[in-house]
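Here come two complexes built around subunit A, the first alongside subunit B, the second alongside subunit C.
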Partner chain A sequence: MKPTVDKLKEIAAETLVGKKAELILGWQKGSFWWQSFPAFIEKQEELDSLTWDPFCVANLSIYLLEELKRKKKVALFVKGCDALAINRLLQDKCIEREQVLLYGLPCKGMADRAKIEAAVGEELSIREVRRDGDEFIVLTDNGEQHLDASNYLLDKCLSCRYPNPIVYDQLLAQEIDTFPVKERFQSVVKLENSTFEERYLYWSGHFNRCLRCFACRNVCPACNCRECIFDQNEPRWLGKANILSENQFCHLIRAYHVAGRCIDCGECQRVCPMDIPLQELNRKLIKDLNELYGDYDAGTDPEEPQPLGTFKLDDPASFSES
Partner chain B sequence: MSVTEKSLQEKQAWEPLIVAFCCNWCSYAGGDLAGTSRMPYPANIRVIRVPCSSRVNPMMVLRAFQRGADGVLVAGCHPGDCHYTSGNYYTRRRMSVFRRLLEYTGIEPERFQVTWISGSEGAKFAQVMNRVTEEVRALGPNRKLRDAR
Partner chain C sequence: MKKLKKEKLTELWSLLAERTSLYLPVDEGGSVNFLPWEKGMEVDLDALNSTIPPKSIFFQQTEVYLQYTTEEDGLKFEEITPQGPAVLFGVRPCDLKGIQLLDNVFLQEPEDSLYKQRRLETTIVALTCTKPDSSCFCTLFDIDPGAAPGADLLATDLGEEFVFTAQSEKGESLLEAIATLLEDAEADSKAVEEVRRQAKAAVPTHGLDVEGLKEKLDSMFDDPIWGTFYRRCLGCGTCTYLCPTCHCFDIQDHTRGEEGLRFRCWDSCMFGEFTLMASGHNPRPTQKERVRNRFLHKLNYYPKNFESYACVGCGRCVRKCPVNLDMIEVIKALGGVTSGSC
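Let's look at the complex of A and B:
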């Protein structure tokens, strides 16, 4: 049984009528077929805008930070990766478990607009994309097209480890079987094996293009500081000039500040307008922390201490200790 | 070559600049001991005294590189000897990971070093400073992280 829009609307109506929550976070369609924006629903008449399609990729949990300032209880839909984000916020004591009502949605991966456009080749006439089992059904002006979903998923979904939410109050569909995925450290290992010069050219090339829009930070469930170090004026750690050294500073520190806390949801890389491979930075840190200080999967257990917030007396080091 | 030309050339000859964050209780005292024991170490080192090696965060390291350092050293008490009991254990984890991250983005690991020097190890202080200076000298000026403005 797959979750349907009707099921979502039904449960949302129930929540509002029963006053189980003051606000429902869901998704609604934007102006284009590939846009499913977050929806903030407080009234029953707004329920019709709710949607659930292969573009509902936005993680809703980050909006809790703002909404819970004014509201006592918020209901939201969580996919597998979003559930890790909820645990992230719980672990950071940003939210309390009683403040949220979680409706779990098992998810087989979200669609990549660019890949579908490339396959269908008639961008303007696409009307809608639906998922049916393992297929994406693309509705165009010239009829329907059936695509094998696994070839048109977002890159981040190709290495999904948690298709089912691990924290929820109610699951809206049956859990799905885990499916084989791409090994997530592949590209990190490849980079590690190149020379210093190659790596420097690779990263400075990417960092040079950064616009400093901070989308990567704003979308990140681990970036939940009340005041970000990048916004601080005194001391001003990050200068305003858009030059390589400031961009390097920005990206190395962003990655480092989520080290051991990054849930590897890949949202930072997805929202980057300049396609900077930010996940390769995050994954390098995850890989190193696992190698040096034991396997740790951020977001799976809100009670477990994070690797950089604890230590052992006999920890190894990446420098000579003699 | 005239005398003026030669002295100009000498002035322009590049010397590595190394910023050493030394913890107040061990490494800084080690530096003091090196001084009072008349043990020579290069003048390329600029020591910044910090209360604990865990006071140093990666932003400080990167800022040093941006503003002209060719190498950065973080020195603290030996594990187990921290004045605040556990500060350097955190340093070990944080800096190990950060060092690997720098390496990953193409920065030679010799440029960013971490070491433990106790208050009684004046000789080790001098020896480490010599070693780091020579390693950074061999690498040449830091152009990768420098603020080029």
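Let's look at the complex of A and C:
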């Protein structure tokens, strides 16, 4: 059974009435069929705005950093990827487990607006897209169209390994079977097999386009520093000029700062207005860490020591050459 | 009116590029932007809006304007002036209006000499829209997607050919320079008008109405609504950097040893550092004040100074804001609605 909007509204109502949390983080519809954005629900009359549809991609857990400064307890809906982000924040000691009430939502993947528009070809007339089993049902002015959902998912959902939330207080629907996914290191291996010059051209081409808007950093659950190095101006580590060297510095430093902590949710790449394949950069580091220190899945267990956050006295690789 | 067959476009680019810098909407891997044209580039004149608005040609994201060196008898300065003339081809009517709104700011006293020089030396060829996007709303701000008053040359896409209408002396001299490629198009005037009329009719209204919104906002500085908008804002600079009317900048020095550069670069009111003062005080301490500033600037402050809303309805914030805190959402929530929905 899939979670329904009514179920979300019902559980949210119980939460408010029972004073189980002061704030509920969910999603609400925007003006367009492809817009479902974060909703902040504190009053009963706001409950009706809640939605759950194939566009509820935004990870709500990142708002905890700010909201928990004012609230004692926050309830939120978490998909599989969002639950990994919760573990990220727990392990980084940004939040306490008792401060959050987690309603788990098994998720078969979110829809890609552009792919649906390309298929339907009448973008001005799409009214609504909803999921029914393995299909997206597209309501247009000219009737319904049924699409095989697996062909119209966001790219990041195509390699989803955790469709079911790994941490929650209550699961709002039955766990779904994991489905076959695209191998996530495919494009990394392809890059590894290219020459140094090819790789440099590839990345410099992408970083040349960077706007330095910081959407990638601001949406990242692993970017939870109280003050980011990129915002420090005494000294100013990252120059404000939008030139290749500064842009490369920005992205390589960010990749290293989240190395071993990146949960591979792909939000950085999704929100990038310039379509820079940032997830590939993070996946290269995940792959390297797996090869160096053994397989590790950040965000799956907040108690497990992190490869770059722990040490062993009998570490076979010593710091000195002797 | 003159026309050019589309198969002659590459010839046109070569001809123009011989005599001037030529900026065209180029596909750089999924993202179309105005770049200096070179042979072999994939020009995309069907893309509706470039990802980065063409304001970046006149108001560059990073612009070095002073070089300095320390010598025995003191600091030596060298001014860097913008490159010479250019042709900017394919500017959509909304983006042209965006440039004109920037003119109000940069060309009033004290004039911004860097901006002015580029503006005077550039010939703008505007391109009317044929198929507006569902997130377009230019007509809300009285912009006609089938016209571009103030452009030097107006181009209309008739499918197999572009029809050009000169609207200034610069436009006329450009047509003369490319005359060998052109044919007479007086007979096409009806077809051109029809394309332009259809474009205007195709822009969705979204049920929005901004009549009186500027005045309404005069008393909304302390309205609780700002306390709800900002909560979902990620504080990134996507909306401001992609906005054709945002024009804030910072000035920075880059000094290494005895040499240095002074440059200006885009800045964003979404960033905490934007109003951070040397004392450590920040008059916009949280995202609430920053989001309020962005929308009041567009819909209240700028209109008070220049008698025009500082939004051209291009829809970039609608398409690109990661959390949909965009102009349509905000105008609706502020009450700028007549009826219905999108």
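The rule is simple: the second predicted complex is superposed on the first by the 310 of 322 C-alpha atoms of A that agree within 3 Å, B and C clash if a C-alpha of one lies under 4 Å from a C-alpha of the other, contacts with A are read in each partner's own complex, and residues count from 1 in each chain.
Please note the rule applied: a residue touches a chain if its C-beta (ideal position, glycine included) is under 8 Å from a C-beta of that chain, and two chains touch if they have at least 3 such contacts.
Fair warning: this is a prediction, and the values are worked out from it, not measured in the lab.
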item	value
First (subunit B), second (subunit C), both or neither touched by A:P305	neither
A:G121 touches, of subunit B and subunit C: first, second, both or neither?	neither
First (subunit B), second (subunit C), both or neither touched by A:W203	first
Which of subunit B and subunit C A:N242 touches, first, second, both or neither	second
Touching partner for A:G294 - first (subunit B), second (subunit C), both, neither	neither
Partner chain in contact with A:Y256 - subunit B first, subunit C second, else both or neither	first
Common interface residues of subunit A - those touching subunit B in one complex and subunit C in the other	239, 241, 243
Contacting residues of subunit B [partner subunit A, same complex]	58-59, 62-63, 66, 79-80, 86, 89-90, 92-109, 113-116, 144-149
Of all residues in subunit C, those that touch subunit A in their complex	28-31, 33, 51-52, 61-62, 133-135, 202, 204, 206, 228, 231-232, 234-238, 241-242, 250, 252, 254, 263, 265-268, 271-273, 276, 318, 320, 322-325, 328-329, 332, 341-342
Footprint of subunit C on subunit A - complex, ascending	30-32, 35, 37-40, 58, 62-63, 66-67, 123-124, 205-206, 209, 211-215, 217-219, 231, 233, 239-243, 270-271, 273-275
Subunit A residues within the subunit B interface of the complex	191-192, 196-204, 229, 237, 239, 241, 243-246, 248-249, 252-253, 255-256, 259, 281, 284-285, 288-289, 292-293, 307-308, 311-313, 315-321
